[in-house]
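Look for subunit A in each of the two complexes below; its partner is subunit B in the first and subunit C in the second.
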Partner chain A sequence: MKEGFRQSMAWLHTWSGLVVGWILFAVFVTGTLSYFRPEISQWMRPELRDVKADANAAEHAIATLQERAPSSPRWFISLPEAREPVVRVTYRDPNGGEGRRGFKSVLLDPATGKEVTARETRGGDFFYRFHFELSMKPLWGRWIVGFCAMFMFVAIISGVITHKKIFKDFFTFRPKKGQRSWLDAHNAVGVLALPYHVMITYTGLVTLMFMYMPWGVQANYGDNREAFFDEALGVPAEVKPANQPGTLTNIKPLIEQAREHWDGANVAFITVNNPSDANSRIMIRRDNEHRLSTSNQSAEFAGTTGELLSLAGEPPPASQTRAVMFGLHMATFSSITLRWLFALSGLGGILMVASGLVLWSVKRAPERVKLGYTPFGHRLVEVLNIGVISGLPIAIAAFFYANRLLPVELAGRADWEVRTFFAAWLLSFVIPLIRPARADWTTQFVAGAALFAALPALNAATTQTHLGVTLAHGNWVYAGFDLTMLGIAALLALTAWYASRTPTSRKPAKRQAVEVSGLPAEAERA
Partner chain B sequence: MASLTASYRLAVASRALAAILGGYALTALAITALAIFLPMSRAEASLTATLLSFLIYTCVVIWVFATRSATRAWLGIIAPMVVLGALVWLQRLAS
Partner chain C sequence: MSLFPFALTYSGWAALCFAMSRHAREVLQREPTPLQRQLLRAAGWIALTVSLLMAAAQAGWPIGTVEWFGMLTASAVSFVLLLTYRPRLAAGLGLGLPACALAGHFLVSVLRN
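So, the complex of A and B:
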């Protein structure tokens, strides 16, 4: 750090990257999975196989809600979409619900409005929440992920500064050369998806920026944050009930009217305020498909008369910038092809973080040779590397296994799926503690590959949504999931094969040590 | 790796502290000033300032580790904080 600018940046890149690398790896993996949140949720509820979107879904949902929860102060209706064709309604349960403030969520069949019964599972939502909360208390998890994301951004920028020859580096790959190969691989995956990494890290911070950096709002609004959200993001103020009964008008013409304003775009979400009151409000929200911005495009109607009260248009520049950044991060706008490109870039990020972590260990191999033993710090990094990088795939597979194998009627079933996930992950840390490192990389990648490879078979044995059925019926949500699992298995198998033949980082070959010491310029760059 | 002296470790710890905590404090003050002084509606000014915050933070962190000494790093954090703090304070007095 005492040397020039580039050396100090190399130092900063190494250490800021190492400190948060393990959490970033998990954040990258679960974030990439979250691109497919609806598909994962769908696969984890095989009972919903034959549920289909329906043009009258909103009407049916409202009829059901009128019967079940007329006194709820608010109804939330999430309409079916191609990727998860089921209706989700949330209302305050008169008998007391388990959710926040007595609210309860139920899945409905779009065609009938009847509740569908599916196994209790968190589905893709588990990965989505883990991505920014790490299954911790929301406040803790979000701050830790934000802290790591900030480090990541610093690591990316200092990484770019470190590379004078960034373009040339990208086209440089010297395989089978130990440390140099790791460095080249780290550079290649890092630079290949660099615009994506910069974008996804910054926009990720932006999604929670009012929590991380409340000072800009504080400066102009003090503690009156509601006023800010109202003014800046168009979150409408609540409407007081008239305390006189009222009947809701038919929703269908309102939806048609709203869609006309949006050039025929679909409706994603409906909120009904004071549904059984004379002063009811129906808020219809546009979906964000084919739309980069996630700004709130909604139409508000008087509930009893169906009169259009307000129509949220395009927001001012800063607000729109935030909404576009949000949209870029969530990738809800994208077609399936583009979403896969995002996922591949996410995979690039996963590989970048993983190779960076391994590189730290590999680079210090000569030091271990010189010392004649493995210092505690090195061993710690090694065990954490193995547990996190090769263990997380095992934990994810275990989560899917639990979904298929746990009895459907088990109480607290969704929680047991999550417990299985963490139990499997914990095991992947314990095993490398008691065994030599090289064997462990290979064993755990092989285990991960085997688990993913067998998942479609398990699916076939336990459900009617297996490849034999889904491929024949062109049901691509289920079929795509199974095929992707096979793809992940192949990827892990390839990694296992590679790990089994790479010289271990613990006992480096002499040749490698010589090579490293002969390349001071290379070494300092990492 | 050269042997790490105690003073080197102390300097690194000092810089890390300057970057993480000092950087956050400076960023917080900078976006407060931006939110107040940007010539836009107050909602847009608050949003613009907040959107820029992570960029400002990153630049501060990089500078802290790039500058010659830990002492300079701290000075570079504190001096602009004093200026920004004075500006914000004067504006509060005036309004």
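So, the complex of A and C:
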């Protein structure tokens, strides 16, 4: 090892980035989409268009549950919020539900408590879970994502060290200079959004931290992992039922009481234990809209008398630290502006990973010219780049198309949506295998752009939640989704345009060039 | 979140950028004197600091800080893109954006009353 520190870091950066880059790209894309998880879920259930949040939602939900599942040992009620104004209740189905341990989840109209039926879909939850499980078995998926996130952290740190002129070139972007431009673009999106990249990677690692080395917990708690989490995160212990019937008190005053303790913050979630028992417990949890932490600030009431039993305040510092990191990662706190700032930084991350992957190929173009043929490794990277970077948008669009086009009564509909997603993605790997790479970047970006551009039209043809209706009624969740799709289409179209005209390098350009390529390059800077 | 802190972060970046002789030569067509450079650099850091204080005053320190980092990234990216393709506009907005934000703020408060 005669090389200097910086060279060895450059090597580390190149290879740690390449190995996990494709997964990171998908993780970044789905993660950025997950900032809009409620909106996506909402759009994918157009039947819920007119559902509105209601002040008495909790009362209505409890009335419905008392009728439907009085014997369920526990009820979970997630209350409506502005972005997804529907009530979701989960209870144990007396007839044996299809879900985990017989639990069944149902959507209710907040204003009436009646069940609302919407098409079966995983909605935004699909992207959310893919983001950290990759649609694999939970444990495997999380291991892989956690592993990639560690490499990501390594790549960020080694990238900063490798960057020769991080301050001098802070504002520099030199277009139309082949490899130079790629490096500039990669550096710019990396450095300018560096606080975000560091934060999101680190907090991401923390959200999965109990996964990496489970043996310490196993040694001390055995199989009783729940006990560990209760102690580590401060979840109160469960009470045993008294086995005597009891009636629940009215929930409304309890909610008011809890909100007073939280300076008027809204209630997000209610858990009722042993709802028909004398020893019932009502747990009310606040939302996290105006604070960073996601700690479970909650109030526990005796279900029959309504007596306030305990008020879980701010948890101890260690647990609070973790809660703040969770909050930062998930951006549950954020106002709409802040959420978009996060999403833009997320886009920066997407571009950083994508440009890094392409840079690997661009840098090796002279080598290919010298050899006179494309080595297998280069070809592999190329196909994977095209399939992942230009294919994922197509797959996402296909997912939304399936949501609108599959028959509503189809059995296992939600799974078919997911299958469509993967089928479309797989196809975008197959095509570059048989065609020259250059043409493929363009074709697939054009395909992606066309799919996204036509989505609002398809929406108009198949539902009553199209722009004509939603804009007129100021329904911004649906309208915003359609408009965002058009924005994505424009971005992809610009990318396609850029890819088609990049003259010199054999491996054409991509997404980060998008934002800049719309403007004529009049300022050719030295 | 008002636009003014965002405009300030943009101006801050612009000032810091033109304190570097390379960028100043390209856009302003002249070499800044050492004094000018120091003043620009100071102005840049002050603008960034004040924007942080304003963001924190508006949204509280925890969320204000997060917002501030978001604004830093958004304004830096817009500035770099403009600097590449519309350098004069990029420089002009350094003064123009805060002015617009202030004017807009003023207008809104007048209209409200």
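Convention: the second predicted complex is superposed on the first by the 483 of 526 C-alpha atoms of A that agree within 3 Å, B and C clash if a C-alpha of one lies under 4 Å from a C-alpha of the other, contacts with A are read in each partner's own complex, and residues count from 1 in each chain.
Keep in mind that, in the parts below, a residue touches a chain if its C-beta (ideal position, glycine included) is under 8 Å from a C-beta of that chain, and two chains touch if they have at least 3 such contacts.
Note that this is a predicted model, so its numbers are computed, not measured.
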Touched partner set for A:Ser335, first subunit B, second subunit C, both or neither: second
Which of subunit B and subunit C A:Leu107 touches, first, second, both or neither: neither
Contacts of A:Leu192 with subunit B and subunit C, given as first, second, both or neither: second
Partner chain(s) touched by A:Leu492 [first = subunit B, second = subunit C, both, neither]: neither
First, second, both or neither for A:Leu384, with subunit B first and subunit C second: neither
Which of subunit B and subunit C A:Pro316 touches, first, second, both or neither: first
Set of subunit A residues, in rising order, touched by both subunit B and subunit C: none
Subunit B residues touching subunit A - in the complex, by the definition given at the top: 1, 11-12, 15, 27-29, 31-36, 40-51, 53-55, 57-58, 61-62, 65-66, 88
Subunit A-facing residues of subunit C, complex: 1, 13, 17, 20, 23, 26, 62-63, 66-67, 69-74, 76-77, 79-81, 83-87
Partner subunit C, residues of subunit A touching it in the complex: 168, 170-175, 188-189, 192-193, 195-196, 199, 290-292, 324, 328, 333-335, 337-338, 341-342, 344-345, 348, 515-516, 519-523, 525-526
Contact footprint of subunit B on subunit A as seen in their complex: 1, 5, 8-9, 11-12, 150, 153-154, 157-158, 161, 202, 205-206, 209-210, 212-213, 215-221, 228, 231-232, 316-319, 321-322, 325, 367
